[in-house]
Amino acid sequence: MLRLSPAGYKRFGQAGSFEINFGGGEANVAVSLANYNIPVEFVSRVPKNDIGESCIRQLNGFGVNTTHLLRGGERIGIYFAEKGAVARPSKVIYDRAYSAFSELKPDMLDWNEILEDAEWFHWSGITPAVSESTAQICLEAIKTANRLGITVSCDLNYRKKLWKWGKQAIDVMPEMVANCDLVMGNEEDAQMCLGIEPENSNVAKGQIDSDDYSLVSQKIMEQFPRVKKVITTLRESVSANHNNWSGVIWDGSQLIKSKTYAITHIVDRVGGGDSFMGGLIYGMLHFGDDKKALDFAVAASALKHTIEGDFNMVTIDEVMSLVGGNVSGRVDR
Amino acid sequence: MLRLSPAGYKRFGQAGSFEINFGGGEANVAVSLANYNIPVEFVSRVPKNDIGESCIRQLNGFGVNTTHLLRGGERIGIYFAEKGAVARPSKVIYDRAYSAFSELKPDMLDWNEILEDAEWFHWSGITPAVSESTAQICLEAIKTANRLGITVSCDLNYRKKLWKWGKQAIDVMPEMVANCDLVMGNEEDAQMCLGIEPENSNVAKGQIDSDDYSLVSQKIMEQFPRVKKVITTLRESVSANHNNWSGVIWDGSQLIKSKTYAITHIVDRVGGGDSFMGGLIYGMLHFGDDKKALDFAVAASALKHTIEGDFNMVTIDEVMSLVGGNVSGRVDR
Amino acid sequence: MLRLSPAGYKRFGQAGSFEINFGGGEANVAVSLANYNIPVEFVSRVPKNDIGESCIRQLNGFGVNTTHLLRGGERIGIYFAEKGAVARPSKVIYDRAYSAFSELKPDMLDWNEILEDAEWFHWSGITPAVSESTAQICLEAIKTANRLGITVSCDLNYRKKLWKWGKQAIDVMPEMVANCDLVMGNEEDAQMCLGIEPENSNVAKGQIDSDDYSLVSQKIMEQFPRVKKVITTLRESVSANHNNWSGVIWDGSQLIKSKTYAITHIVDRVGGGDSFMGGLIYGMLHFGDDKKALDFAVAASALKHTIEGDFNMVTIDEVMSLVGGNVSGRVDR
Amino acid sequence: MLRLSPAGYKRFGQAGSFEINFGGGEANVAVSLANYNIPVEFVSRVPKNDIGESCIRQLNGFGVNTTHLLRGGERIGIYFAEKGAVARPSKVIYDRAYSAFSELKPDMLDWNEILEDAEWFHWSGITPAVSESTAQICLEAIKTANRLGITVSCDLNYRKKLWKWGKQAIDVMPEMVANCDLVMGNEEDAQMCLGIEPENSNVAKGQIDSDDYSLVSQKIMEQFPRVKKVITTLRESVSANHNNWSGVIWDGSQLIKSKTYAITHIVDRVGGGDSFMGGLIYGMLHFGDDKKALDFAVAASALKHTIEGDFNMVTIDEVMSLVGGNVSGRVDR
Amino acid sequence: MLRLSPAGYKRFGQAGSFEINFGGGEANVAVSLANYNIPVEFVSRVPKNDIGESCIRQLNGFGVNTTHLLRGGERIGIYFAEKGAVARPSKVIYDRAYSAFSELKPDMLDWNEILEDAEWFHWSGITPAVSESTAQICLEAIKTANRLGITVSCDLNYRKKLWKWGKQAIDVMPEMVANCDLVMGNEEDAQMCLGIEPENSNVAKGQIDSDDYSLVSQKIMEQFPRVKKVITTLRESVSANHNNWSGVIWDGSQLIKSKTYAITHIVDRVGGGDSFMGGLIYGMLHFGDDKKALDFAVAASALKHTIEGDFNMVTIDEVMSLVGGNVSGRVDR
Amino acid sequence: MLRLSPAGYKRFGQAGSFEINFGGGEANVAVSLANYNIPVEFVSRVPKNDIGESCIRQLNGFGVNTTHLLRGGERIGIYFAEKGAVARPSKVIYDRAYSAFSELKPDMLDWNEILEDAEWFHWSGITPAVSESTAQICLEAIKTANRLGITVSCDLNYRKKLWKWGKQAIDVMPEMVANCDLVMGNEEDAQMCLGIEPENSNVAKGQIDSDDYSLVSQKIMEQFPRVKKVITTLRESVSANHNNWSGVIWDGSQLIKSKTYAITHIVDRVGGGDSFMGGLIYGMLHFGDDKKALDFAVAASALKHTIEGDFNMVTIDEVMSLVGGNVSGRVDR
């Protein structure tokens, strides 16, 4: 997906140019994993033109395999993103309708072949939001993964501006989530995608009641028995520039908590959740330990907030240094 | 319409940002006329979001009235434009499908009200190319203008990449042109929109046989008796940087020729034809003399080739200085 | 007025280019009102050249009427603005002497005609600071407004670097303020323009004693019986990047206080007071309620601090969302 | 003087920022000489603010001595410059009125001290154009130089937009030129400053009749017996991008002609004449041979047309390589 | 290799930033081939830091395999490149000494393994110029290729500023060329690398005597019997902006000539020869016809002159369109 | 030294261009002193090319004398600097090996002549880190200064990435420090250069135990009896954007402490220590009072953190305003 943003803190109406980034939920997770040297493939569809090729070139540069990324369709999905400051929220204008991706048809992808040697399949709630056929394809992929014994993870990723093709998240997501092994989300996601409500938090005001998470997670696991872990990202929005960021994992019996990072001078928060997911998958695969995986995921995504664009351009060493407690930001020289 | 272009001569795949311009056939004509202090209104549709508002703000800044420009629909039409050099052609990627404009419906606009006090109605072949309903609306506007006794001009403006809604230009344009008083185009336009073929020119090779134009024009006027003048722009493409530029008017009895400008260091040729049309309408209204109008139009559009973006930001004085023979480009100080 | 600024936090001596903004006290108020869809006219004078035209084009784009904005004179007023950081103050170099505006002569403007259908006339203390004749014209406008029964508001806006034409603010402003209905200012303004001193505050150190404001306001209303409301903006300067911002209205009997916004990551604070005034006028006209008007004004101007340039590019919806307590700056998507 | 220009070929009304250059007739000559390692001092006046300091810093960086450059006055002279293309002329908006320089007073500078160890004094027709007092000061400097036996050169440099202080060039320049040893100019300069008319050339159309120059030069030397050499720069303006450039020296008995450089892709022609003068002074001092000095001057100034900004950033080696016939522009690697 | 260039036509001393490109002889050839969908591997060495990684990422993005590209050493080779204009030559400052590449040691690369499945091995004269060990490694690679029956091509690519490690080109190149199947170069290359002199051309003046090429080529083939084809690029430098460009192949019995492209508005000529070589290798592999390969190579490299950076970002279709005679540069829309 | 940095917070791998700054320990101190109008000379060596000349031109512009700055050698030292944010540290990649400076040889500089009229000689620990010969030259300079009775100051400035020529700081620095009058450093410097360890601080975690400094300073003075004052800069790194900054002087009998500045929105912290040293030397020379000198140094360097690039572009007035307690950052207008 093509992201177009005014430079710095300019508003849309002040921009003389748009900075170009490619990104999007699953692509961001893929790039994170590639940065951690995990072999990863990204499946999608872009138009057969120079904009589509630039997108593929960038993914390939990061080491993301695009063997099954299709070329076709009319247009690349676009979103315009304006960076907020203090009490002025960041603003997103989606222009994704009729994208090459949204017009993927089930017979274009052979999931048995694609997933043949895979160990893990990850999808986000953006995919079924985009169109009926992408919802259908995603469900098919999940079921194929189940059949092949591949771990399936999901980032609920609710976007109210995207669900426009007829059904709502609540109509579509539960069946998909039912076939997942790991589920990630925040409170709003749980509410809008699965109908599970938190009790004390006030998301709109940026306040988070951390005690509430176990409950929501438990409810998810009751409702979806296949789910083994529920991961929640906790973003306390002090302002558009300052968020406090942490995460928890509910593993069915206990709530594993990460430390909280005070991200006081955000550079770009888009892709925060995706970088968390990328870090978590790496952590699960590499450490085989929930707490270590969570610590890696939270540190990785805390760093993402300091990096322009959707992609989390960090190395394992950089994340591990932060996990190790080096928060001082001192020059390395 | 939103135009996104890499800076300078960068290719799409090299761009880190896109420069933003608003433009498009009829909008460009409108801005030209506003720059010549002709009261002018632009009728279109843009989405109700910050990108749409920026577009309106820019038109209003130039003094273009947008009273009947509607807000609605899903997206603004976009085109990506890469500037060519020497033998490398400029490249355009259209992303106009499903634009707010293309989804205009006939009952959204009341042409009787819009055209009430108008003296002139101008449309271009891009409008019917975009969708069936814009084709229908445009025809309706033309007929209303006919009924109200308003002069109707048309720029054939053939764009092969745009005619995708089912019918081709040749199926749609003749009926529309039949109701026009002035028709502008080049050889390719006449061929593709009206089926009238030149004989000796070789457009693809950039060679133009100027004797051919009378014939094509005569054929147009035979076929469409309402048409009183056929205007042809003559672009000899020596290279992407160097075009020779002139125009002719066939008024039914004689071919009026302009001088030819050697535009040896093109800055931006997009909007060249529109700036010609804008100059011609101004000239017709102001001078009431075909030769003077043509000279003004050709000089105005020669200047457009030296100006970034779609809009022809020149004053009457600047055009008249060139009409007067001042081609030396000496500093004015 | 033309504002030229180095990009980002560059100092004047480091700049290779200057970013261009148009702005200035009353123009900023006018743009705010236009953004809130209030019909508004801006009266001034710019030179008849491309810089002057750019200024007019931008105002027109925002929907500000410039029917009586004159073209003439030698030059546009310029100010060079360098953005401060932490303990390094922002820096302004005025180059406004001999501007087209400063050389406005009384017989150039017919206030009876200009104000004919107006409901409100606003001026700022910058106008009389610039030259003897602008002081004279401003007084004339105020008196005409009084005669026509138009509400008159004033932003004292003391600028020590501007009062150079012979008289000082204290010699000129009292007569003008005497004919106003609303007066806005801060402590330094009251002291330098009207000779009314606060008692406990230490402006230079950025400390504000909020109890002091009632007293100053009362003194203003005693001295100028026509004044019905005194509005004070309260800026606590923690650093060049962090200001705490609020406002109060003394309505003759009580002090109405707004909440205080901690603006912890300022983007551009120039025009803060003007955006407050724009918000206040809108609020007074729209809500007819001092508290609501004040809340709107403070929220609007808090947002202004997050926006580049002089103009407050926000919508009513954006301001109302902040008034409603949404300070979290969460992405809207 | 501060020069503010839109980037590339943007028009004033399209610029979001202005590129900053310092320059101006005599400063440009000074920098040229410093680049050729000739000790040189520049005498002027800039305001005591950061803009003035930036100007001084840049001159000092180039090695230009500014010991007698005064700090004071209200403002730095500004000119806005828009780059032309093809038949669109470059455009200059002067904003020099009331500059620190224009308000220099005779008693501020002690020419006896300044010129004490000088060998050469150069001035341009811009200095007396700016104000009555700079005209007076310049004349005083010339006379002091005469008294001290210092060579005096002059670039007539007629600028019609600058002579606004009461007298015209023709009233002021003859007395000044009468005390010069070398006079440089083109045909328009001779006509407007000295009343000496060429006969066959058509400057406005960019045509030059090279035979005419001897005659004009002879007339100058008849009228001003002190003048030993008249230098004429010959600019044939094919377009704003393409000039043919050469020069001639009339030494009282013969016309020495340079070769003509076809400058087919001009980068920035401002300062062309100044770089010629800088090259000529260097050539006269270094070679002591008119033909060699002329060849150096023409080559140096041909190179200037390929360099952004006012200053001619070339080395002696680079000029000599072109004098030696290396016009191929091949990469040096 | 990292290329750092001032933007546009700025001189080194005017730059506030350097544009970043990666490139270099063989890398450029590799990218060309990847753009034509030829599987290609690039063997080199970059330091293990973020600059080195960026270089690899870019190559991978283009589809260039870097399996054997080593990470190590102290620094990446840099060159600073300033773009010339008209008679001002482009300027290159090499800063390649002690680069990771120059410090490659023979035992770091196993050519038998690297070349195992290769069909073609290409090297340029820059490699042996850089250091004694790279010269040694290159010779080893050539000999391995010979042994494995792989076609070997060479671009003589003489760079006088690079040969600094002790021996000169003439001491080293002949042995290497003796083992090649194809040799590409221009007249200066033949003279400086092989001691074979042209007779009538005057390279420094930009004049080329095309008849001379057969002779030089014949001499090369006499001296090096393994060489089956000698390819010569012919660059006539009219100016830094305008080159006429063509090529010839001597196949032992006849001189095959290409058409000549007048490249009148060069964008970036660096990498011109490399793009020729890339086109030639593609042409040889794909067409198996010298004339067609030459036509493809010349057209491809003519297009390169219109593209910023070292890499020739063109598609087969774009090259074939130019081969087909479409030189008009007309917009494709 | 040339510093190349991505714009804003971009990572190396995201940069399309590098911003250019010149800087480096001693050069930064020199520029600070020049800004305070102290005559100062900078001795170093840059290559004889346009990059070297740009460096010299910039120093000269600031008023730094470069009479003994040599031109020669192969390359200018480069460092690539990426700006950190929040918990992401700034990153430096040194590319200084084989720089013109590192290859200075003892016989290239005549310290007796250079230091003839000097009052103060300052060096930093970067100089001996770079190469054996610069270590040798620096020691020679120190001894010459001792002989001439010139005050010698030293900034320990430990950089672990630089000590690569064979010996470590601990092997080289003690002899050099033994001949100094003032020594500046932080805890890490004392430990790595002199082997003197703090006891309670945890530098890596950004925590500073201020009581520890007296002890370290006392140890330094015991070990090096010539040292009369030990200055310590105290940087508490809350994050890459927020440092708390202060300094102390141990004068042999007491610890003089400065106030602490909370630098909450750092613009560029590179050169912070150098600007402290520049301020301290100015303060010592001008005030002759340790406390005043310290206050000036801390305020000056607090301001440096708000300024892009290595050089501290502030005036005495600006520093004194901050010393006087004006931390509010209010606009000066």
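We call the chains A, B, C, D, E and F, going by the order they appear; numbering starts again at 1 in every chain.
One rule holds in what follows: a contact is a pair of C-beta atoms (placed from the backbone, for glycine too) under 8 Å apart; a residue touches a chain by one contact, two chains touch by 3 or more.
If you're wondering where the values come from, they're calculated on a predicted model, not measured in any experiment.
The chains touching subunit C as well as subunit E are A, B, D, F.
Shared contact partners of subunit C and subunit D, listed by label: B, F.
Residues touching across the subunit B and subunit D pair largely diverge in numbering: under half of the numbers involved belong to both copies.
Relative to subunit B, the most remote chain by averaged C-alpha coordinates is F. Per-chain CA centroids place subunit D at a distance of 43 Å from subunit F.
The mean-CA centres of subunit A and subunit D are about 62 angstrom from one another, to the nearest whole unit.
Within subunit E, the positions touching two or more other chains are listed as 8, 11, 13, 16, 57, 91, 265. Pairwise, the chains that make contact are A-B, A-C, A-E, A-F, B-C, B-D, B-E, C-D, C-F, D-E, D-F, E-F.
Across the interface of their complex, subunit E is touched by residues 8-11, 13-14, 84-92, 94, 159-161, 203-206, 237-242, 265, 269-270 of subunit B.
On subunit F, the positions that touch subunit D within their shared complex are 57-58, 60-63. Those residues of subunit C that touch subunit A in the complex are listed here as 8, 261, 263-267, 302-303, 305-309, 313-314, 318, 322, 325-333. Per the touch definition, subunit D reaches subunit C in the complex via residues 4, 7, 11-13, 15-20, 49-51, 53-54, 57, 74-76, 78, 80, 82, 91, 93, 95, 97-98.
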